[in-house]
Structures are given as C-alpha cells and as structure tokens.
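Next come two complexes, and both contain chain A; in the first it sits with chain B, in the second with chain C.
This part shows the complex of A and B:
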C-alpha cells in the first residue's frame, strides 16, 4: 500500500496545483520563478532529462502496478479460461462467479465491516495516543525522552511472531481472547509506537514563538495542545490516520490468531479460507484479493483529497 | 474549520462503531446440546458434501444442534495450539495428521486420547493398518504407535493420471509394467511431446522420486524411512535407483528441465490444458479434474508394478481435551464412518476409508476407489517423502531442482539429502 501511496501522492498534488486558484501561498511555487503560470511552465520547459525521469517513473509505476493488474485480470477469468491460457492473458469473457462465490462463502459484508471497525478504531486511537505521547516527548521535553522513544519503538521493532505468545497468554488471562478488542488494543499500541516516534521528532521542531505566545496569553497546557499544536499538526496527523488504517487493514498474523470465531474475522483472514491443504484456486483467490484491496484503495483516494488540501491550509504563515 | 470536521467525523464514526458493536467478542457456548464443529473443506468438495449430510443425520438422531464454522486450513494450521488451549476450543475439529501437527498437540495434552472410544465403536476394524499410522501417536508425539488421537475419515494416495485421447491418438495402451511405462514416455517424446507434467519447486517431483524408490523397496524400507526403525541407506538400491532414474528421465526428455521452476499448480494446469498427457500426483486433484477437464477423456492407474505408493489417511477428526461435549463429538465421528456417508464421500470424488465398493455408483469414482482399495489390500500406503523431518520438504525440492537443472550429479544430490535427512531425524529421535 505504501508503494501506491508514494506513487499517487505527487500526482495528486500536481492536480491540486493546477486546479486550485489560490496557490500563491505554496512554497513549491516559488521555485518555478516569477511571472510564469504553473501550467505553462510544466509543458513548455520539459528538458530531455525530464523526459528520462518521466519514462523511468512510468516504468517504475508499471512494475509496481503489475501484481495488481494480474489480480485484476485473473479475477474476471473463469477457471477453464485460466487453465487453457494461463495467468497472463486477458479473460475471454467477463466472469464474475469467482467474486460472487467468495462473497457468499465468507459473508463478505460482515468481514468488511469487521475490518473497517477494527482499522478505523485503531487509526483514531493510535493517532490520539501518538499525539499525546509526542506532545510530552517532543514539546514537553521530558527527561530521558530518547530512551522512552526507544522503548516505545520496541513494539515496532520486535517481529510479531515474537509478540504472539506473550500477547496470547495476556489476553487469554483477561478474557479478551477471540475478541476484536484484543486486536484493537494491540494495534493501537503498535501503530502509536511508530506515530509517537514520528510525531515526537516533528514536534521537537515546533516553532517556539508560537508556544511562548500562547502561554503568554495564559493558555494552559491542555489548551496549547488543542488550540495550537493540534490544528497546526493536523495534516501530519491525517497522514498518520490513513497509514494506520491501511496498515491495520492489511495485518494478518495477529488477527488470524486472536479472531477465532468466523464472525469476528477481518478481510485478510477471510481470504485464507480459499487456500487448501494442497490445492489453490487461482481465479477465486484473485477475486478475493481484489475484493480485499478495493476498500483500502477507495479509503485512500477519498481521504487523500481532503488531506492534500489540509497540508496547505494548516501551515504556519 | 472544514478539516476539524473531517477528523471529528472520523472520531464520531468510531464512537458510533463502538456503540453498535457493543460487546462483539465470541460466545464460547458450552450448551449441553450443541456440538461445535470446525473443518476446512469447501462446501462443494467431497468431504464438504458428505459431512454436511452427516450433520443433518446427527441433528435428526441426537436432537442436538451443530454449530458449524468453516475455517481456513491456514488458520487451523497456525493457531490450533492456542485455540485448543483456551475456552474457545470447539468440541470436534478436522486437524492435520503428522508429527508436527497432531503429534505435537497430543504430546502437549491438548487432544483427547480416543482408545476406549475406538474400541467401543469399532473404528479400528474399519481402518487398514497403514491408515491407522497417522491416527496414533506415542508420548513424544511420533506417529505409528501409542494411543489413538484422531480418526481419519478419508484417504489420499498418489497415482498416474493420463489423457485417454492423447493415448488413443498415439496408439498407446495403459502400461502394466515399468518397462511399458517407459516405452509410453518414449513414444510421446518421439512425437515431440514432453509426457510428464511435474514440478520440482513443489511436491510433485518429490513424490515421483519417492515412488521410484518405492518400486525397489519393501515395507521395512518405509518403516525405516518414515518411522526411524533403522537408519536409511542413502547410497542404497532404493534411493540410488530413484535419483538415477529421475536424472535419466530428464536426460531422455520425459521430464522438462523447466520443471525445476514450476509449482504444483503449473503442473496440474498443464495436464488440464492437455499439454502434458501424463501427470503423476495425488487423489486431491481428482475433483478438480472432474470439474475442469471438459475437452478430453482422462483416466487413472496406479504406478505400474509398484506395490507401495505414496499416500496416507487424510486429515482427521480430533477431539480437543478442553471440548465440552465429547460424547456428542464421538457420536458425530461414528456417523461419518457409516457406509452411507462414506459412499457419499466416494461418489463425489473423495477417497473414503471405509466404503463398500458396491455402494459407489459413480463410474469414474469407482476407478479411483478401486485403485485406493487395491493399494490398501497390498498394505501399500507409504506416506510422503517429506514427512520424516520438519524441513525435509524444502530440502528435497531444492535437491531435486539441482538434479533437474543438472547443477549436481545424482550422487551429490543423494549425499546432500542423506545428510539433511539424518540431521533432521537426529533432532527428533535424540
């Protein structure tokens, strides 16, 4: 998913540059020199070097997209078609039975809701906790903050296989095994570890003048956080929100372990139902992968638009 | 303040989600009249169909309800030890046979020993000795002896699938001897066709290699290789013959050198598409071939002149130690062993362990089950080459890939495999 994000991000900004009339504030524009509209400079001044970069970028984009394209092509192929022509050709007919079969077999809407529920809550909680932690570490400058960050980051650095058994025993003890809350709590902690690390370093460069001005005006710490720090860092927080959502969505091992009952399972866990002991069903598996991928893509595209606006609107003037 | 709204919306959505879901944790459910059942067979597979009928009969006869969940193979494989050690354990589940799976769980005390129940219901009489091997585990979790921990309901074995149309077009008969089999392969090569669909990146070539060793072997070799009764001679007649023959077949063009990079799926698809006329692989392909091969006739035969072939009982019913309704679980197992359910399994392309051939009405299935029963009557089920150690599957594939590529000679491959096998076995036996 991060690859797609990287790929789409600059493109989106580009679109915004050319459509948004009030771009004067953007620092990026200054580089293009005065007196030229951004649109014209984009086309007239392309040097051979630019073209090389463009071609390389397109090629790179293509290779990143290949697995996705394969999934797309094979999702709409009948097994017979696949058997005769292999995975690389276009389907001869528009075949949706694979998608329908998977949808019904795993009760897809239920899995979709579970995934949205878990990923959504994790994203919100983790952003909140990251912000509070980072406020203390980055702006509050707690003693020994480096070591605190290192300890927090352990949650990210340890492979999940290592965490699995301790977590299993802990959650069994408190009666949350086979509960979505176990997964929500675990990922809130794991994601907020990364969020804390990132935000703490962002906040450590936070303009001192703003904070001082706020305290001179008599703002309490709580007010500084919500009235000054939060609005200014909101774009960063939104990016974190998106990543936490997508990362949690794609998690497999921990949901697989903790969500025992079918009714609680997420989309990636449901997809494994198609892999048998020795056989695999390529077309249905592709269909399931497609169904699993679409929601994150939609989520990303929807939020990406609001986000790019947010990045420019929230900056310090 | 549009952006505050975005985040606020996200937050309120989350809050709404909280309220809606309430407490969504699963109910463990320990109701006396409920059987919690898990298996991982697709609803339209032979086992899926047969067991669905078994559930109906069970509900009719006992008045209990069955709470069935279709699990994924992957989930049961990777989380069984955690689930079975918790209150979420079902009353009965389909679980993988083998030392690393059922054996391990039985040695950890997570599975109920079934000796008394097996005697009471007489399941032992229904299952051939080699099928019982994977159902019994000793205190170290090694299969072959000790208490019963599972009851297999279906079997699997490896055989030769052949394209009848291609055989007819080439004027070839089903070979009955090994020499005839090689003649058939040669005849196809003469026509410019690579006869054998196989893959060295996954199990098919490994099983063929094992089958070739078995043509030279007796039961004691299988016991030595699989149950560690005596050390295996990796330079000996059996394995030497297998490795040399694979090499010869590659050189003769019976096996394509491309096989080293192919997966089982690729090999199966090349048979389905008619590219390769012969495919040596397991009965698990049977249902798929029946459904997906439409433009030619195909049939099966046991490997010519072999008295031993790879195969085993299938995955089996186990009853977790923490199951709440064990009696109901036993009754359910008994229903699945009935001739009626076994016949249903057989008529849908599965391999029943206790079916009367007379009950099998489907013509194609008769052939399959006759092959299995013939193998069973010879006590010919010999398990799989990768079973002895947890890492041998990958090691064997890697070795055979080098053999097919020609980067190593048969002697080198054998020596390497022998060392890897021995070190793995030493870890287990101690």
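This part shows the complex of A and C:
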C-alpha cells in the first residue's frame, strides 16, 4: 500500500522498506506493521460496544457486497425462474442461456480483444512517453520545466468534454473517426501526462553517482537512459503500466464518442449501449453486468501479484 | 491487497512528490541549474520532450483553445462556425437547465465527496483502531477489501449493476419490497423525478465509499500506535482519540481525497449516461452530460462548448482553492 507510494518515490524508499516488503509478501497480514504483533495476541477486553461496532462494520460490508451477489445469482436464472421465485433465491436450474445470448449478441470475445488492444497499447506508449519526458525534466532538468509540468498536470485535470468536439472534428478530418487509433492516441497523451508528473519527481532524485559513473564510462545520454535509468526504474514503470491499462479499460466518454460502430467498441461501451434494449430481459441484463465486471475482477487478481513483485523488487535494491 | 490500494497510494504520492520537490529545491539552491548527468549541455535534453510535447499540443492544447473559440460561435457541425460574440455565455447564464445541472453537481459532491469522506474517516478509524486491534488485522483487511470492491469496476458497469437492482417492473428491490409486504414503497426508482436523483446519489456513495477508506487506512499506518495507547491511558475516549489523533494525523490525505473526489464529482458522466440520460426531464442532468447532449444530440456545438468551458473553469477554480488552502494549512503547521 504505502509500499507503492514509497516505490514510486525513491526518496522515501529508505524509510522502512523492510516493513513494507514483508507486508507486501504476505498480503492482508496485519495493518499495523510487525511491531504490534506480540500485543495483538491478547485481544484483551472486548467490550459489548466493540461487538456492536463489529456487527455494524460486517453488515455494511454485506450491503456493499449484496449487489455483486445478486448479479452473480440471477445471471444463471431463466426469466421465468426469476419471475416466480424472485431475486433472492438460488437458481432452480443452471441456466446459461442469458449469458450465452448476451455473449453472442455483443460478440464478447471481440469486445474483450478491443479493450485489451486499446488499453495495452495505451499503457505501453504512455509509459514510453512518460519516461522520455521525465528523463528530460527530472534528470536533464531542462529550463522552464516547472511550467512544462504545470501544463502537463493541467492536461490531466481537464474534463474531457472540453476536448471532445475539437478532437471529434480533427479525427474525422484525418479519417481516424471510429478508429481505435483515435482512442489510443488520445489516452496515450492523457495517461502520459500523469506518468510524466509522477516519474519526473522520481527521476529528479535518481542516484547521481550511477549517472556520473555511466557518463565517465563514455555512455551517451540515450545509452544512459536505456542501460541505467530504464532498468533501475523498471518496477515503477511496471506499476505505471498496470495503472494505465486499468484506467484506460475503465474509460467511457471518449470511447463512447469515437467508437461508434459495433466492431470497434470496448467492453464498457458495448455493454452500456445495449442497456434498455427491448430484447434484454431481466436475467440477460444481469448477465451483461456480470460479463462487464468479470474482466476487472480478473485483472485485480492478476495484477495484485505483479504489483507486489514490483514493489519487493524495488525494495531489494 | 496491494493492488487494491494502488490508485489510492498514487494519489497520495502526487502530493508527496510535489512536497518532495519543494523540499529539495530549498536544500540545494544551486542544484537545479544543471542536469544530473555531468558534462554535455542541457539544451539537447529538449529532444526527449519533442514527442510528448508535440502530442500534448495536438491532443490537448489545440483542442482546448479551439473549444474556447467555439464558445463565441454558433456552430451546428455542418456549416463553418459563425461568430456571435458573447451570446452563448449570456444564454448560459440565464439557462435554467444549466443551473439545474450545477445544482445536481452539488448533489453529486454530497454523494461522492462529503458522505464518503466522513463515513470513510469513521470507518477507517473503526477498522484500524478498533476492529484491527481487538479482532485482528486479517478481518480489518477483509472488510476493507469488501468496501473497496465497487471501486475496481468501470463506473458505468457499477451503475449498471445497481441499475439492474432498481429496474422498475421486476427489479430486485421492488420484488423484495413486495415480498415483505411493503408493496406501497415500490416505484420506478430511476424513472420518477422525485427518486431518480436520490437513487443516483446512493449509487455513487456505493461506488465511492471504498476509496477514502483505503487511503485513510494507508495513512493511518504512519501513526504511531503508542500514541493511541498513551491517549487511552490518559483516559481519552474513542471519540477524543479519533478527533485528536486520527483526523489530525491524516489531514493531508483528507485534502487529497476531497480534492480528487470533488473533481470526479464535477466530471461525472458515465453513470448518468447509462442510467437516466439526465432524466426524467432534467432531474438528473449534470454539466458533463448536458455538454455531451448539446454536442451530439442537439448539434448545438457552440453551446455545448460553452457548457464544457464553464465546467472547466469551475474545476480549475476548485482545484486552485483547495491547493491554496492546503498550502496555508501546511505553513501553519510548519510555523508551530
């Protein structure tokens, strides 16, 4: 958690990385660091008030999780089953027609691929651009870098609506409207704005001795970037890569505007535009929500490990 | 658990990074005048900025100014824009739909900033200080992950999940209400003007709540547990400890959460598009959706651009105010 924060900012890396690394290796272990564990074994004096608080906290968790459970249960019901027994019971039979129907209707594999393609390329391009920018700003310390960073930050903060129509017009002119490349280019810029800001501050504390040593060995700047800066900052870069991927996956307004034909759409757009369609019965709609939430749940599970590895790798140095 | 908090940690990092940079600048005033690699001139570093800045110019800077230009025109997307001066702005100031949309933005701020931050503060302290200590960190982590669950979804999908429960005829909520004999309470939650906005607000609270909890719990790791014990020994009760230690120590994170969530609340679009389309009538319209519908449904591009620009101005003003307030607070703290 804070391990990531530390990882992204080397200045703080020396604070107490060991604590973070151990927590990161055993996720969900304890929130307060190792120093507390001996005392915890006591769990002394739990007052009735404590139990009340616990019940409230668990109930709240239950209410937050209920929508997920409802979607899961009802995606496997037939509409008739739903109408007779209601939303709260388990399905009487394992009914997958709703899911299959929606899967085929939106050509789900195609939408998945579109999302992976767009988010993947954006992540790679945006990390690359962030790295080049940050190299000049953080390590090169070019003149006027403060203003450049301010402009870049602004780009990240703007509501996308303010860029929407001019971009729509521009991409139409160059024939990239309804092309995934329009979305890829736009998000490369938006994500790299954030990446530049973050990475520039990381690079500005880059160990100077390493750069000097490489420079004395006759390495050019380009070589220093790829042989020294890139490998050392790789854990940070991979964390950025994952963020960019997930953030781009979750984007809606710009993909909705630019990807008008069915074959180019991303998962969230394809699922959203079919809501309220007359052919979507109650359990098919539930199935559509289920299909929409599965990929992000999966990423969450996969990337959790990658992130942890990135953090511990960074901590070892 | 780590990936869970990734976005949260990054957000915090932004302030840390900014603070770090300021700190360094003070420490070695001569430093910033040259790059970290000795020898060669600094000028050629500009080459590395060319791709990034060129893209930034084309995708952000040019469209931004173009959009501002469009606010002074009447433009329906077909014939070239026609200069009409301040007409759009004058119309905007008297446009009731526009003011309704900003009124709804306030509702969104209530649902996405105020309620989640206050509730999140309370829950984070509860999980950390009480449940984590008396029932074990594992349970606290598990509950935190549960609260965070809606945050990992794309906002539109999260909205669709709840929208499904609120379906008018056979939605789960209405079915349950009927089942327990409260049939009178069933209604078209997202389709009637009096319940559409509150329903949307509940959805946004559900989506947003996990974010402050995760950030605040991360921040609480900084707090020395001895502090709580000392306070407890001194006879401070839970509420006193909460106010004096918890809130005091994690104030920077509270700032970050309120700022990022306020911006997100002002920008909200996906859930409105997916669930209500701003309706019924204009009861759930928000500025982002209003601008979008002017662009692509009414084809009033100049007017849509004006709404979008007004929204940008509001967001910029809010950000500047927040950052100024944060600076003032930091300075006060340093002076102590």
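We take it that the second predicted complex is superposed on the first by the 198 of 317 C-alpha atoms of A that agree within 3 Å, B and C clash if a C-alpha of one lies under 4 Å from a C-alpha of the other, contacts with A are read in each partner's own complex, and residues count from 1 in each chain.
The rule is simple: a contact is a pair of C-beta atoms (placed from the backbone, for glycine too) under 8 Å apart; a residue touches a chain by one contact, two chains touch by 3 or more.
On a predicted model such as this, the values are computed, not experimentally measured, just so you know.
**Student:** After lining up the shared chain so the two structures overlap, which partner does A:254 touch, if you call chain B first and chain C second: first, second, both or neither?
**Tutor:** In the superposition, A:254 touches no partner, neither chain B nor chain C.
**Student:** According to the stated criteria, A:172 is in contact with first (chain B), second (chain C), both, or neither; which is it?
**Tutor:** In the superposition, A:172 contacts chain B only.
**Student:** In the overlaid three-chain picture, which partner chain does A:112 touch, first (chain B) or second (chain C), both, or neither?
**Tutor:** In the superposed model, A:112 contacts neither chain B nor chain C.
**Student:** Could you figure out whether chain B or chain C reaches more residues of chain A?
**Tutor:** C
**Student:** Does chain B (first) or chain C (second) touch A:183, or do both, or does neither?
**Tutor:** Touch partners of A:183: none, neither chain B nor chain C.
**Student:** Applying the touch criterion given at the start, work out whether A:82 contacts chain B, chain C, both or neither, answering first, second, both or neither.
**Tutor:** After superposing on A, A:82 lies in contact with both chain B and chain C.
**Student:** Looking at the overlay, what does A:237 touch: chain B (first), chain C (second), both, or neither?
**Tutor:** first
**Student:** Looking at A:263 after the superposition, I want to know if it touches chain B, chain C, both of them or none. Which is it: first, second, both, neither?
**Tutor:** Only chain B; A:263 stays clear of chain C.
**Student:** After superposition on the shared chain, which partner residues are touched by A:205: those of chain B (first), chain C (second), both, or neither?
**Tutor:** The second partner, chain C, only.
**Student:** Touching A:280, do we find chain B (first), chain C (second), both, or neither?
**Tutor:** A:280: touches chain B, not chain C.
**Student:** Mind sorting out which residues of chain A both chain B and chain C touch, each in its own complex?
**Tutor:** On chain A, the overlap between the chain B and chain C contacts is residues 82-83, 86, 168, 253, 256-257, 272, 275, 282, 306.
**Student:** Across the complex, what residues on chain C touch chain A?
**Tutor:** Against chain A, chain C makes touches at 1-10, 12-14, 16-18, 20-21, 24, 32-40, 42-49, 51-53, 55-56, 58-64, 66-67, 70, 123, 126-128, 130-138, 140-143, 145-147, 149-150, 152-157, 160-165, 167, 170, 172, 175-176, 179, 206, 209-210, 214, 217-218, 220-222, 225, 263, 266-267, 269-270, 273-274, 287-288, 291-292, 295-296, 301, 304-305, 307-309, 311-312, 315-316, 319.
**Student:** Using the touch definition up top, name the residues of chain A that touch chain B in the complex.
**Tutor:** 79-80, 82-84, 86, 105, 116-117, 120-121, 123-125, 168, 172, 176-181, 231, 234, 237-238, 241, 253, 256-257, 260-264, 269-270, 272-280, 282, 306, 309-310, 313-314
**Student:** Taking the complex as given, what residues does chain A use to touch chain C?
**Tutor:** Per the touch definition, chain A meets chain C at residues 1-5, 8-9, 11-12, 24, 27-33, 35-36, 40, 43, 46, 50, 53-54, 57-58, 60-61, 64-65, 67-68, 70-71, 74, 82-83, 86-88, 129-130, 132-133, 135-143, 148, 151-152, 155, 157-168, 170, 185-186, 188-190, 192-193, 196-198, 201-202, 204-206, 208, 211-212, 214-215, 221, 224-225, 239, 242-243, 249-253, 256-257, 267-268, 271-272, 275, 282, 285-286, 288-289, 292-293, 296-297, 300, 303-304, 306-308, 311.
**Student:** Within their complex, state which residues of chain B touch chain A.
**Tutor:** 2-4, 6-7, 10-11, 13-14, 17-18, 21, 24-26, 28, 40, 42-43, 69-75, 78-79, 82-83, 86-88, 96, 203, 264-265, 269, 272-273, 282, 284-285, 288, 291-292, 294, 315
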